[in-house]
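What follows is chain A paired twice: with chain B in the first complex and chain C in the second.
== the complex of A and B ==
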């Protein structure tokens, strides 16, 4: 290791130091935790800004385990943004739950570091360690409200499925090492290409796919998702639905394109089958939900289905990388709209900690009681549906048209049909907010304010700006994906 | 006599299968945690065996990382179990069904 090796990981070093600082400062703070919120927020912003500043550098570090390139930077910025938006929506929620502690922010920062490492790794060992750093922090975040049975159960279910999944992934990785004698992506990929496709390669591919499928909640490995999202603290559920998912996809893109290049006919078919199944399960179960938090969990499964269709298209199209770019774009668009939707839930929970149960009935008459919350929720729901003018529309447009370009027009038709179905459950929330009278009359105590308001405003701005001016995000996605493989 | 690589693979596959079956079928949370450990250690046998086959140290290196991660995971798992047990007074996994649908 040389000092030069530290340059690619400066954004992560900032986050790790800040997380340690948070833990040191925590015992000195009594009730007011503003200092820790500020440290966490500053660190996330600094890491994002430094990552942008490093753009244009191409560097491999730690004997090619970690690289710095546009692809890694795209995800470093995305994860820092997701982390910062989550931090901003957390303080009020945690105060209302009576568990406002600095450890929360430290764990969140560690999770972001793990995600960064996953996106930047070019070695199966680094990938595995990044995955586990993210996962282990996430288990604890899910169970952060430890006096609530639901939070305990969420942590337990997340832990058991997560640990099971990483053991399966690890077994696949060990087979890859056995076949090639290396763990570096490029070396492994070249070695597997030279020896050709075989049953053992297929088995290793399937094992890694199943393990990662658990992590990003691909049906039929999605069973834990609704329970974990429902039981975890709402800002944490918001983070889970975007952060670990985007990190999972960032690593899957790399691993399947470089390591398992030889078995791309196999995995692209697997991804297409799983995409259809995941879109069906996510949308069908979301239709039946009366609980908005669970509905958003199933909707996140449905969105994973759309992304998997893109992965399948990427495996089919080979050298044409437009599907990869549109996956990156979709992840960026999805981050803002989903964080926003969960942010509104977090706000409403802080207003009625005892009575708000996230059910559709609780949303009745919200348009009159709290117009801002209702309008923003409406915007995020429109974006998740894919209405023109929002980020969700542009994301789906690019993603589905890249699927069509890979000669999978029938798959794009299925995806469009499923997203038409999804309009029913997203717009139902809007109908309840604006056209239903509440059964029990109650008023919100205070308007949206403070960091939560900033978080919601930034999410809304992100949704609208990406929706109306998609070019700059698309440029970033194109240069980060195209440069690496081009 | 040099032990052939197949022996390692068969042992590891059996241990992994036993672990996976334990996770899926046993009801006691502790046994499930042990089963996950068994799966991780089956992988370690694989890695060490392959490391010998290829005569490089990457596999052994990997095992050090896996063991560290497994230790962290066990600590977290036990912490979650403790918190859960304090609230629910049971360790049977099929009793944890507050959330459904």
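== the complex of A and C ==
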């Protein structure tokens, strides 16, 4: 290690130091945890700003295990934004649940560090370490409301499936190492290209794909998702639905493009099949949900299906990386709209901690009761559906057109049909909010907390700005891949 | 490299087959060979010949668990230090700084546990 090696990981160093600081400060704080919220928020903002400041640098560090490039920076900024929005929506929610503790923020910071490492790694071992750091922090976050049975259940299910998935991924990695004797992405990729596609490569590809499929909840490995999202604290569910998923895709893109370049015909077909299955399962089950939190969990599975269609297209299109760019764009758009939707749920829960059960009936008459929340929820639902003028529309436009460019027009048609189906369950929430009378009249309680309002506002701004002015995010996504094959 | 795909099928096939056969065989053989004499006393937990008294699942102080976890953590820290100490001459100043960073991070955890009252025994 040299001092130069530390430059690419400055954003992560900031986060790790802040997490340590949170843990040191925590025992001295009695009830008011504002100091720790401030530390976590400052660190995430600083990490994002430093990452932007590092843009333009190309550097490999730690004997090529970690790299700094536009791709890593894109995800560092995205993860910092997702983390910051989650931190902002958490304090009031945790207070309402009677579990406002500083450890929450330390765990969140560690999870973001793990995600950063996943996106920046160019070595299978570094990737795995990042994956585990993210996963272990996530298990604890899922069970944070430890006096609630559902939260315990969520943590247990997440831990068991996660450990299982890690083992499968690791088995795939071990096969790759056995064939090539290397763990560096480029070395492994070159070595596999030289020896050609074989059954062993196909097996390793499938194992890594299945393991990562568990992590990003690809059907048929999605069973844990609704239970975990429903049981976990709502801000944590918000974070799960965007952070670890984006991190999983950031790592999958790199691993499949470089390590498994030789088996791209295999994984491309696998991804296409899984995409269709995932879109079907996510949308079909979301249709039947009466619980909005579970509905959003299934909808997140459906969105993974759309992203998988992009990965399938990427395997078909050779050196044309437009599908990869549109996946990055979609992840950015999805982060804002999904965090916003979960943020509204967190807000409503803090309003009525006892009575609000996330069911559709609880949304009846929301348009009259708290019009701002209803309007924002409407915006996020429109965006998730893919209505023009929102981030979701542009994301789907780019993603599906990249699928068409890879000569998979039929797959794009299927994806569009499924997202037409999705309109039913997203717009149903809007119907309940504005056109249904509540069975029981609720009195609105205390006003919204400042940070939560800021989080919702920023998510809404993100959705609208990306929807109306998509060029700058698309530029960032395009420069992320830069001279990938150059 | 010896990886024509047929070899691979044989290798993996053998591995999975042996795994499955061993698992099934052990259970089956034990089931067949083990002498079965039905006696209600055999269903009791074995406590060195003494009649079992009370439930085995007693609640015990969670402190045992916390101290055990802390012990394992710092035990492993010491394990990491042995190879480091042996090769310190080659690692140089950077190696020294790295180890102190490692210890610093663990120290934060120790401080946290201490302040949270894990080490206080009542």
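One rule holds for everything that comes next: the second predicted complex is superposed on the first by the 480 of 486 C-alpha atoms of A that agree within 3 Å, B and C clash if a C-alpha of one lies under 4 Å from a C-alpha of the other, contacts with A are read in each partner's own complex, and residues count from 1 in each chain.
By definition in this document, contacts are C-beta pairs under 8 Å (C-beta built on N, C-alpha and C of every residue); 3 or more make two chains touch, one makes a residue touch a chain.
Keep in mind it's a predicted model, so treat the numbers as computed, not measured.
Visitor: Return the chain, chain B or chain C, that is in touch with more residues of chain A.
Guide: The larger set of chain A residues in touch belongs to B.
Visitor: When the two structures are overlaid on chain A, which partner does A:183 contact: first (chain B), second (chain C), both, or neither?
Guide: In the superposition, A:183 touches chain B alone.
Visitor: Look at A:365 in the shared chain and tell me whether it touches chain B only, chain C only, both, or neither; answer first, second, both or neither.
Guide: A:365 contacts neither chain B nor chain C.
Visitor: Examine A:27 and indicate which partner it touches, taking first as chain B and second as chain C; both and neither are also allowed.
Guide: In the superposed model, A:27 contacts chain C only, not chain B.
Visitor: If you stack the two complexes on chain A, which partner ends up touching A:378: first (chain B), second (chain C), both, or neither?
Guide: A:378 sits against neither chain B nor chain C.
Visitor: Pick one for A:200: touches chain B only (first), chain C only (second), both, or neither.
Guide: In the superposition, A:200 contacts chain C only.
Visitor: Could you pull out which chain C residues touch chain A in their complex?
Guide: Going through chain C, the ones touching chain A are 1, 3-5, 8-9, 12, 94, 98, 105, 108-109, 111-112, 115-116.
Visitor: What residues of chain A sit close enough to touch chain C in their complex?
Guide: It is residues 1-2, 16, 20, 23-24, 26-28, 179, 195, 198-200, 203 of chain A that touch chain C.
Visitor: Taking the touch rule as given, give the residues of chain A at its contact with chain B in the complex, in rising order.
Guide: Interface residues on chain A, with respect to chain B: 124-125, 128-129, 132, 136, 139-140, 143, 146-150, 152-157, 159-160, 163-164, 167-168, 170-171, 173-175, 177-178, 181-183, 226-227, 230-231, 285, 288-289, 291, 294.
Visitor: Which residues of chain B touch chain A once you look at their complex with the stated criterion?
Guide: Counting only chain B, the residues touching chain A are 9, 16, 19-20, 23, 29, 32, 36, 39-40, 42-43, 46-47, 49-50, 53-54, 56, 58-59, 61-62, 65-66, 69, 72-73, 76-77, 79-81, 83-84, 87-88, 93, 96, 98-99, 101.
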